[in-house]
Structure formats: C-alpha cells, structure tokens
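Listed after this line are the structures, all set down as structure tokens.
One chain, chain A, appears in both complexes that follow, with chain B as partner in the first and chain C in the second.
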Partner chain A sequence: MLDTSTQPAGQVTQVTGPSRRTRRRGPKVTDQVPRHLRAHLTAYLMIAPMVVLLGIFVIWPLVYAFYLSFFEMSFYKDAKFVGFDFYQYVLTDPDFYASLWVGLKLAVMVVPTVLVLALLLASFIATLSKRLAAFMKTTVYVPAVVSSVVAAIIFVFIYQDEGVANWFIGLFGHGPVAWLNTAATALPAVAIPAIWLGFGVSTLIMLAGILDIPESYFESARLDGANFWQRTRYITIPSLRNVILFLLVTGLTLTIQEFQLPLVMTNGGPVSATNTPNLYIFNSFRDGTPYATSYSLTAALLLFVVIGTISIIIFRVVSSEKSSDA
Partner chain B sequence: MRHRRLRILVASAVAATLALAGCGSSGNSGSSGGKGGTTEITFWQQQFEPYQQKWFKTYVDKFNASQTAVKVKYQVVPGDTWTQKLKAAQAAGTQPDVATTNYGGIPAGVANGQFAELDGLLPGKAWDDIKPNVSGFVKVDGKHYAYPMLVEPSTVLYYRKDLVTAAGLDPNSPPKTWDELLTWAQKLTKGTVKGMSIASVAPDLGWSSWGLQYNACGHLPINDDWSAANAKDPCYAKLFQLYQTLFQKGWIPQQPKVGYADASPYGQGQVAMMADGSWAVGQLKQSFPAMIKNTMVAPFPSVDGDPSKPTATLGGWTLTVDGKSKQKEAAAKFIDYLLAGDPAIMADFFRQSGFSKYTVRTSVDKALASDPAATSDPFMKIISDKVVATGKAEPAYPFDISLAFATAIESVMKGKSDIPSATQKASDAIDRVIKQQHLKGTAPKG
Partner chain C sequence: MNRSWYAPRRLLSYLLVAGIAVTALFPLAWMAMSGFKSQTEVLRSPFQFFPDVWRVENYRLILADPAFVRAMAITFAGAVIFTIASLVVNSTAAYAFARLEFAGKRLWWIVCITPMFIPAMAILLTSFVVVSKLGMLDTLAVLIVPGVASSAQMFFLRQFYLNMPAAVEEAALIDGATRWQIFLRIFVPQSLGPYVVVGIGSFLAYWNSYVWPVLVVSNPDLTQIMQYLATFRSSRGNDWGMLMAGSTLAALPTIVLVLIFQRYIVNGVRLAGLK
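Let's look at the complex of A and B:
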C-alpha cells in the first residue's frame, strides 16, 4: 500500500505498478469484475457507442436545457437568473393548456382510428394470397413515404371551396364548408391527413404481429366454429397486446406533438383551434426577445414532462406481461 | 484475439462519437479578415419580393467592385425561417454584421444590446437627410441604432373600376366610412367573386389592423406607458363589427389561400376590392399588369368618414449593425453606400418597386421628382398624400400583445365569442404580457 501522507504537498507520487512477481501472483483484472458483468461485457461494449451518443446529444442537452430554464437568456448580455419564474409563466398561461388540450383532442381523433383501421386491414391482408398481400402491403405503405408537408398541401387543396371535399358534399345539396377556417371543423380536417399518413406503417407492424401468431390457434378456433370477429376478438387482439401497446404509446406521443400538418394547413388557427403544443412553442420562440427564448425552452421541457407522464400512465393502465418484464 | 476485438470495438465507438460530435461543431465565425487587408462583412437580407433580391445583389456587387477595403458577403434568408436562423447564429456567435430589421424591432433589440449605435459610424449629413416624421423611428433615447430604407403603409383600398361600375357604384367616389365599405362589399359580391379581401386570421390581423385600431379609438390596446391593457374600450366595437360582418356575411373569402400581404386573389380576379399594403402595387405591376389599368386606389375608409384619422401604420425596413460585430466601421461604410449615399441608388430601388414603397430621404424625393415614371404613376400621389401623410409608426411592443388583440378580433369574426368576452380575454392576456415581460414604463420615447 502506498502512503502519500508524508509527501510534500503538490508532489505527485509516481505509481510504477506492481512488480513482475506481484503481477504474476495477483488476480486477473477480469476476475475483479462481477461475473454477471463479465458475461455481458461484449453486449455492454456494443451498446456503449449509443450510450455515449445519447449522453452527448440527448441527456446533456436535456440537463443543460433544464439548467438554462432558470435564466432569462440573452445572446448579447449576461443571462439573468430568475429561478422558477418561467415555469410559473408557462404554468399560468391558458394558451399553454389550450395547446395541450388541442394535442390531446387530435390524438384522440387520430390514434384509435389508426389502430382500428390498421387492425382490420392487417387482418384482411393476412388472409390474402402471397402475391395479393404483397400488392396490398405496398399500397398501404405508400402514404408513409409521402412528406407530411406535401400531404398538408394536398389536403389544403382538397378542403378549398372548389376542392374535392366541398364537391362531394355539394352532391348532397350542401354549400361549401370552410373546413380549415371554422373552429369546429379545422381540427378534424387536420386529423384526416394525420390518419392517412400514419395507418400504413401501423398496418405493416400489426401485420407482422399477426403473422407471428401460430396458425394452429386459428385452425383450432375454426374447428370450434369461431367466425372472423370471434377469432379477432379472442385470438388476434390478445396476441397483439404488446404491438397495440407500442402503437398506442408511439402514436399518442407523436400525435400530441404533431407540428408540420397544422403549421402548413392552418398555422394553428382559426382562433388557436389547431394550435398543437409544438406549434405553440415554435411560435413563441419566433419572437426575438430573450423572454421568448427562455419561455419556449421552459414550455418545451414541461411538454416533455407531460408526454412522459402520459406514456407512463398508458403503460400502467394497459398492463402487459412483456411490457412489465421490460 | 478476444482482447484485440474489444480494442477495435472501443476504438470504433470513440471514432464514431468524435466524428458525430464534429458534425455539430462546424460553422464560421461570421465576419473575418479577408485577403490583402480586405475586411469581410456578412449581410443577411430577409427575403422580400423578387425585384428586391435583384436590387440588393446588384448594389452589393457594385459596392464590392467599387473598392477593395470592404467585401460584403450577401445572403438572402426566407422570412419564415429568419428568427430561428438568426437566433441560432447569435447563439453560435456567427450572426451577420449587417441585417435587415423592421422599425418595430428596434427598441426591443436596443434594450437587448443587439444593435450597435450608428451615430459615430455614419456621417452627420446622412442623418440630416432623413425626413422628420421617420427620424424618430430609428432612435432610442436620442441615439440612432438603424438607418431607414423605406416606409410602406400597411392598409390601402384597391378596387376594380369595371366591377364597381357594373354594380351601379361610382368608382370616382370610393367608400369613406366603414358602413359605406360594407355596402360596397355586399354589392360587389357576385357569383364566385367576393366583395373584397382583408386579413382574417390572427397572425395577419395582429399587424394589419394596427392602423384601423388607431382609427377606431385613437390608441392601441395598451396604455401609452405600457402599464396596463386598454383593450376593453367600447370604441373598438365598430372595428370588431366591421370584420365580423365581412366574414359572416360571406363578403370576403371564407378560406383565404394566401396571407394578407399577397395580392394574388385580387390579381386573379377572385375579389373586387382589396385591403392590402402599398407593396401590392409592385406585385400587381409585376405579376398582373393587365389589372393595373382597371384598378383604382383610395385611402382605406375611416370609422366615421374623417380622412385625417390614420388608417394605416407605416412599416418599413432598416439596416442595422450587430452589437457584437468586430467590423462595425466596415459595416457602416456599406450602409452609408447603399442607403445613405448617392440618391440615385435608392431612387433606382423605388423605380424597381413600381413606386409601391416610399422614400425616407429628402434627397431621394428630389431625385424621384425628376423621374417621369414616378410623377406619372397613378397610385403614388394618392398613397403618399392621403395614406402616408396620416400613417402612424408601427408599435414597438412585443407581438404577443398584437396577437392577443388579433385573436379577439378573429374570435368575434368567426362567432367563437362575443365582443365583451373576447376583449376581456385579450385584456387579461395583454396584462399578463406586461407583467411577465416587465413592460411597464418601457415604452420608447423616440
């Protein structure tokens, strides 16, 4: 054992390491590492780059953003420490809550619709021949590769006075509806392209889950006389529990944060009816003042907390053996 | 063998991490010294009408060719990404030395230390040339922080002679009051052609209604010293009713395809009248020249027919030098050349604009007075004498306040709430902005 207590301050002790004899006698480095860590060393090393990247690009910015949220930031003057002021400003702003409510309403319109459509379509595709199934898979996936900006522009044209939507209701004798400029219709009008963009990927994920269910389950059910709905209700849905949970959580978190569709289609209007949380934060940030920068940063952090909480609640409510294991 | 594999793995991970980290750290330092003693400065121009980019490029090139001491690196930035890009550059220390800035943004920028004081950097005669009614727009506490380029009134009434005549109205006697305007809008709404176009969404209403707010009440929805909201004043009722009637009667497009600033619906014949800024003249001349001979302009009507009341704010653009620029003298030299020097340069700008914007310099006025194209322009004199003359400066308070009041207008317009509820909500929101942004007593005094 090296005793450095008697050395003068500032003098660095040179550690020469164990002699050849001790090295020969001492335990191997790997022996000092717990067995379970040694067993998974390769795995740890393989995920290490991702952990490092997450640390640099996610964890550190998050921690630093949290630190900055206590300051009124200026790029020209020293930042001014204001404590929890900006948290108070965001949490007492009715517009922040209104935007969360808009995000939740949009999610309620989009996510269940996507899940039901995807389940029905995936169940149908699973019954088709290989060639027809391949055609259908390609067809349903097409919207997923369309840019949401392009989709937004397409739907703006569809909703115009002389667009397809108004032409269709005109067949029933109704006059043109200002779909995107009426508070009651604007959010559903934005939800439709969101559903269109989302159901392709969901269908393919659902289909992969269905194809994983042993065929013998369905054969037994058929022999017992179960029809399509009964097979779906008692075999498909319970077997897809984790897939549905995954789609539910990712769908909710993505839809609440929907940004491009309302930005392009309505810019949050009319009367903030489509002002989703991210759009609200984005527009807050666009003001050039130090206040706006700190306010939007704090609102973004609070949105992170809200969405995290919603995800946790969903995991708790939709209890799942596999999700619990995870 | 196993250890070797692990070392390779670790080395690869570190290399990948460093490579990715390196991706995020690229950038430049903004202004820098050039070759052979040339000082390089960066100039960011917010994107405007196409002719403006052409004009800026032409004169940046001429400036660079005229001397070797300063070289301007010119960049056009789209308006919808301007703030984000500028903020990112400010955070990284790569902000431009010179940038376009609107009048309303100057006081807040000065309070934040964003702009360099220009008094010692530009010659005294440059300031003496600015017209007195604009001089205060670029001053804070008596010091100059920007050099003005132009003014453009935010609200002018455009109408089509042929449709007005066909509707039995006299094109030589345009509406003088808001009630008369509503009558015209009603009579001109026929088939697929709407009576008029005007802003109908909050972000556009926020700035385009400033002049009409002044017109209705003689003030904006905040006290002069920015200490409290003043949005519940009953005099605003007529303003709310104007917008509400136009929208709910269907006399304006129910789903506008473009924003207030864009004159396309009028140019394409979809509306018979248009409320728009003076810049629309330039767009009509460039994109819809056939419409010009059939178009007349008038001051936007006032609430009670009094033509001396403002109906428009005078917005406009300036060039500012960044407070952290290391090349302030070189930046000021460029501004002096472009905006404050030879009057022929700015006269050329106004010629390119189709005389849709207005000079802020006496010497440029003189240069234009000898230009037959300017003196014979059918719109310039009316806008200059009857709109610019009564125009008010744009407010310098944060846009949050304008947006709160505009949201109230939009709520009433679209039947979401009645006037008392909407103005109460706007008043609460404005008071909250005053408190949170510590605005009390900070109104600029010029």
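Let's look at the complex of A and C:
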C-alpha cells in the first residue's frame, strides 16, 4: 500500500525486524506475514475491540434507528414501509414542540446561571493561595460526582411541604409552596439540582482557562486602577471566549437533553410542565402506544438534528462576532 | 502593600470560601444528617440541621435490607469490571491512533470518533433492541459491555499519547521491542494520571447510571444501586430517614473516590486542554 512506504513508523519496523526475529525461539505465524503488514496487524488488533464494540452498540443502533424510522412498527403486524410519514407525525405533533419548549426553558434557566456562577467562582479561586484553592476545587467538584438520581431524591426531599425550601421562604412570611406540584414552579425546581450538579465541572474548566491567561495582563490592569468587574469584563471574559463558547454549547445541548432529573422528580408533570424532549420520547416509548417504537425513534433522531443545528448556529454567531471585533 | 487593608481582605476571602463550601455541600450534608434523624424529626419544620439525638437506626435498617446490600455489591463489582475493561479497550485504541500508521487509519478514526457526537437518547431504543436480539437482557454483561468503548475517553488518552516524546519509543524499537511491549512497558506506566482521570469517569458513569439498567434489567439479583433507590422512593417514599440514609451510602463511594484522587482530577481538566 502507498502509505506504508511513506510512513516512518513502517520503516523503523522493517529495519528492526530481523533482530527481533533472532530473539524469538521458533518461527511464529506472524513471521510468515510480510513485515510491513505485520505492523498493520498490530494496529488492527489494538483498535479491533474498540471498533467492534462501537460498531455493535453505537453505530449499528444509529443506522438501525434511521432505518426503522421509515417503517411502521407494531406488535401485531409486520413492519410496513411508510417513508417519511413518521417524520411528518413528529413534526406536526404539538406535544413534541411543547417538550422542546420545556427543554429550552430549562436550558435558559440553567446554562446562564451556571456560566455566571462558574466565572465568578473560578475568578475567585484564582486569587486564592494554593492550599485554599485546592480545597475549593475539591469542594465545588464534589456535587458533580453525585448521581442525578440521588440529587433528584435530595431535592424532592428539600421541596417537601415541611422541607427546607418551604422553611426558608417561611422566614419571609410566605406560606408553603407545592414546588413540584405547581406548574409554574416545577421547572425552576428541577433547574436547581441541574445547576447544582453542573456548576462544578464548568468552574474547573473556566479556572483552567483563567490560569492560562498571562498574569501580566491582570497586573497592568491593576496598575491602571481597574477594579474586579473591569478586569473581568475586559480581560477574563475576552480571554476565555473559546472556553465560554465550549461551555455554552455543551451546556445547552446537555441541558436540553436532561431527563433523569425530571424523570425521578416529577415524571414530566404537572401537566407536562417538566416534560423535557428526552423524557417525552422515553415515556412515549415506554407507554407502548400504537407505533410508539417508530414514533419515539423518529422523534429522537429529529431531536438530534435540532440540537446539532442549535450548536452550529451558536458557533456561527459567536465566530462572526469575533471577526467583527477584530 | 498596606497591611491594614490587606488583612480584612484575607478574612473576607476565608469567609467567602467557607460560605461557598457550605452552600455547595449543603444538599449532601442535609441528606447525611437526615439519615440520622427519627421519623418525626426528619420533616420537622423549624429548621434544624443537626439531629437532636444521633440515631444510627436508619443506617442500620438500610444495611439490614439484603436488596440494598446486594445492589451496592453488584453495582460496585460491575463498576470495577467496567472501569478496567474501558481502560484496556480505550487506551489500546488510543495508542494505535496516536502512535501507529496503518492502512485505512482515517476511516477507522472516523468510525471511532463519530460516536462522541451521537446523543444517548438517539440510540437508546435501538440499543435495547440490539441487546435483546443478542440475548443479553438480564445479564451482568448487558450492563457492562455496551458502554465499555468510549470515544471521548479514547480521544482524551490519544491526546496524551500524542504528546509523549518520540525518542523513547524509537530507542525501544531499535532495541527490538515490539509495539505491544512498548505500549505495555513504556506508555501504560506513564499514563497513570490520565488513567485515573478516565477511570474515575468510567466508574462514575457506571455507578450513577439509571436509565439503562431500568431498561435492560428486571432480575432483582442484578438491580443496580440507583435503580434500587428510585424504586425505594416510589414504593416507600414516606420513609425519608431511611431513604436519605440509603442515598448517603450510595453517594459515598463516588465522593470517597473523588477525595482520594482529587489532585489528578483537577489536573486532568488542564490535561484535557481545550485549546
């Protein structure tokens, strides 16, 4: 093959081949294989488990989902080819849009909060002594490793009628609120554990970004009399632009797809107020309504497209902003 | 610098550190404390953080539930196997992609990296169909095998291997070492830090997973810990003290893991290098 002759790695193997063989006790099967192919063989053996596993459990399910989305599946009849019918059903289903809207609202509550919180915390941690900084890094990271099931359970407990949340608002003279059973408060009540689970990792990533900004930038700003807010506005944020963009896009796409928290906390209720797209898809599959399989598969694929599009748009917008700045 | 101005500033930052730590850890501490409270105390309204009397009753009761202990044990065993298998599969592939040249490398790279961008929900339902056709439902294997290969972890390890100096590898090749020997004797021992980072990621992913076990496992012997907790909440939701005790114990392994390896994790974020 063309690429072996140009690859330095292949050449090295050829040079050392004979000496390697003399150290072996007897001829091996691989010795009969041409040397340049043997290098390929090693590589193939090394990637084989990965390729096979991803092929069976990720790529094939995706292809299969795409294929099945063109069929009407039911337990009673054979699958029937229906072309784009299910795409049309999903795209004209108000429930699908309602769930997208819920996902979007959740993301609007969670992502900006996490970003601001992470920026402030990371800026603060960057000013601390080594020891305190290490303590803070661990502290903010601990909630991130708690499972969303445990987080959901803790917060359901906190939102009880006699729970901490109601005790707290009681201090200000408000009566108990049925946080998770009121349509207006249920989604914010789900957003809080989402923020709690998510801010730690974002803080650490921002901190890594801040530590890479040359200290001299901050020093000269300080000499010029810039205060904390000015330094953040004119140095930290512009320098972290790519990090913030990364966190914004991953945060948005992950939050829109959130579903374990609402699944355990509210199961989408009350009246679909917390029915995020993935929860909607998951439940419509589990409910086993007629054609649930094809419908859920198609909705999941469409969601994938929607989220991909959102990410691309954000990247476009931000990069064009960047060019106008210059 | 002016000392009288500096000292209150330092005090302020200590206060801030304490305040942030308390806020961030409050839900966990509250959970653990509630486990120590009696049935009447656990939802008592005038807010009280510490229990009147420290009772270990809830912790004792949950530990006396064989289903809880079994769920903890089987999930732990599964998580350990899963973590080791992930490290083996992902790091060998990472080494090949970082250090070897072979025919069709670009194609295989695309095959291995694309899954990073496929959301779990898009394939959750057909993955279920695939594992049921393979006859894997209700086995330990169905909890472990499908998630072992991870594009993100492979990518992370490959970034690390790309940055290893070439000189050592070349010297070993001239001495007649095979690629496998180089990988096992030089690269693996050098990758302890990254292994800790991705290994903890695997462990957490397995330990915390809920939806996949719910979908593929109905045998009570294989019930995973998060599955157990969610079932406990829906069926015995009023027993908050015991549920909080169980949740505390279920969160403990992950928290301990992070406290032990925190140094590596924090550095890992920088290793991953977003730029």
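Here is the rule we go by: the second predicted complex is superposed on the first by the 250 of 326 C-alpha atoms of A that agree within 3 Å, B and C clash if a C-alpha of one lies under 4 Å from a C-alpha of the other, contacts with A are read in each partner's own complex, and residues count from 1 in each chain.
Convention: a residue touches a chain if its C-beta (ideal position, glycine included) is under 8 Å from a C-beta of that chain, and two chains touch if they have at least 3 such contacts.
Computed from a predicted model, the values in this text were never measured in an experiment.
The wider contact with chain A, measured as residues touched, comes from C rather than the other of chain B and chain C. Judged by the touch definition given at the top, the superposed model places A:T293 against both chain B and chain C.
When the two complexes are overlaid on their common chain A, residue A:S272 makes contact with chain B while staying clear of chain C.
With both structures placed on the common chain, the touch criterion links A:Q260 to chain C but leaves chain B unconnected.
By the touch criterion stated above, A:L252 is placed in contact with neither chain B nor chain C.
Of the two partner chains placed by superposition, only chain B is touched by A:A178; chain C is not. In the overlay built on the shared chain, the residue A:Q160 is in contact with chain B and with chain C. In the superposition on chain A, A:I235 contacts neither chain B nor chain C.
Contact with both chain B and chain C is seen for A:L53 once the two complexes are overlaid on the shared chain.
Of the two partner chains placed by superposition, A:A194 touches none, neither chain B nor chain C.
In the three-chain superposition model, chain A touches both chain B and chain C at residues 42, 46, 49, 53, 56-57, 160, 285, 293.
Within the complex formed with chain A, the residues of chain B that make contact are 6, 9-10, 12-13, 16-17, 20-21, 83-84, 86-87, 90-91, 95, 105, 108-109, 112-114, 200-203, 253-257, 323-324, 398-400, 407, 410-411, 414, 416, 429, 432, 436-437. Remark: chain A residues 1, 3-4, 7-10, 12-13, 15-16, 19-20, 23, 39-40, 42-44, 46-47, 49-51, 53-62, 64-65, 68, 121, 124, 127-128, 132, 134-143, 145-151, 153-158, 160, 162-164, 167-168, 170, 193, 196, 200-201, 204-205, 207-209, 211-212, 242-243, 246, 253, 257, 259-260, 263-264, 278, 281-282, 285, 293, 296-297, 300-301, 303-304, 307-308 touch chain C in the complex.
If you check the complex, the residues on chain C that touch chain A are 13-14, 16-17, 20-21, 24-25, 27-28, 30-31, 34, 43-47, 88-90, 92-93, 95-97, 99-103, 105, 108, 111-112, 114-115, 117-127, 129-131, 134, 145-149, 151, 154, 170, 173-174, 176, 178-180, 183, 204, 207-208, 210-211, 226, 229-230, 233, 240, 243-244, 247, 250-251, 254-255, 257-259, 262-263, 265-266, 269-270, 274-275. Here chain A touches chain B in the complex through residues 41-42, 45-46, 48-49, 52-53, 56-57, 74-77, 89, 92-93, 95, 159-161, 176, 178-183, 267, 269-272, 285-293, going by the rule given at the top.
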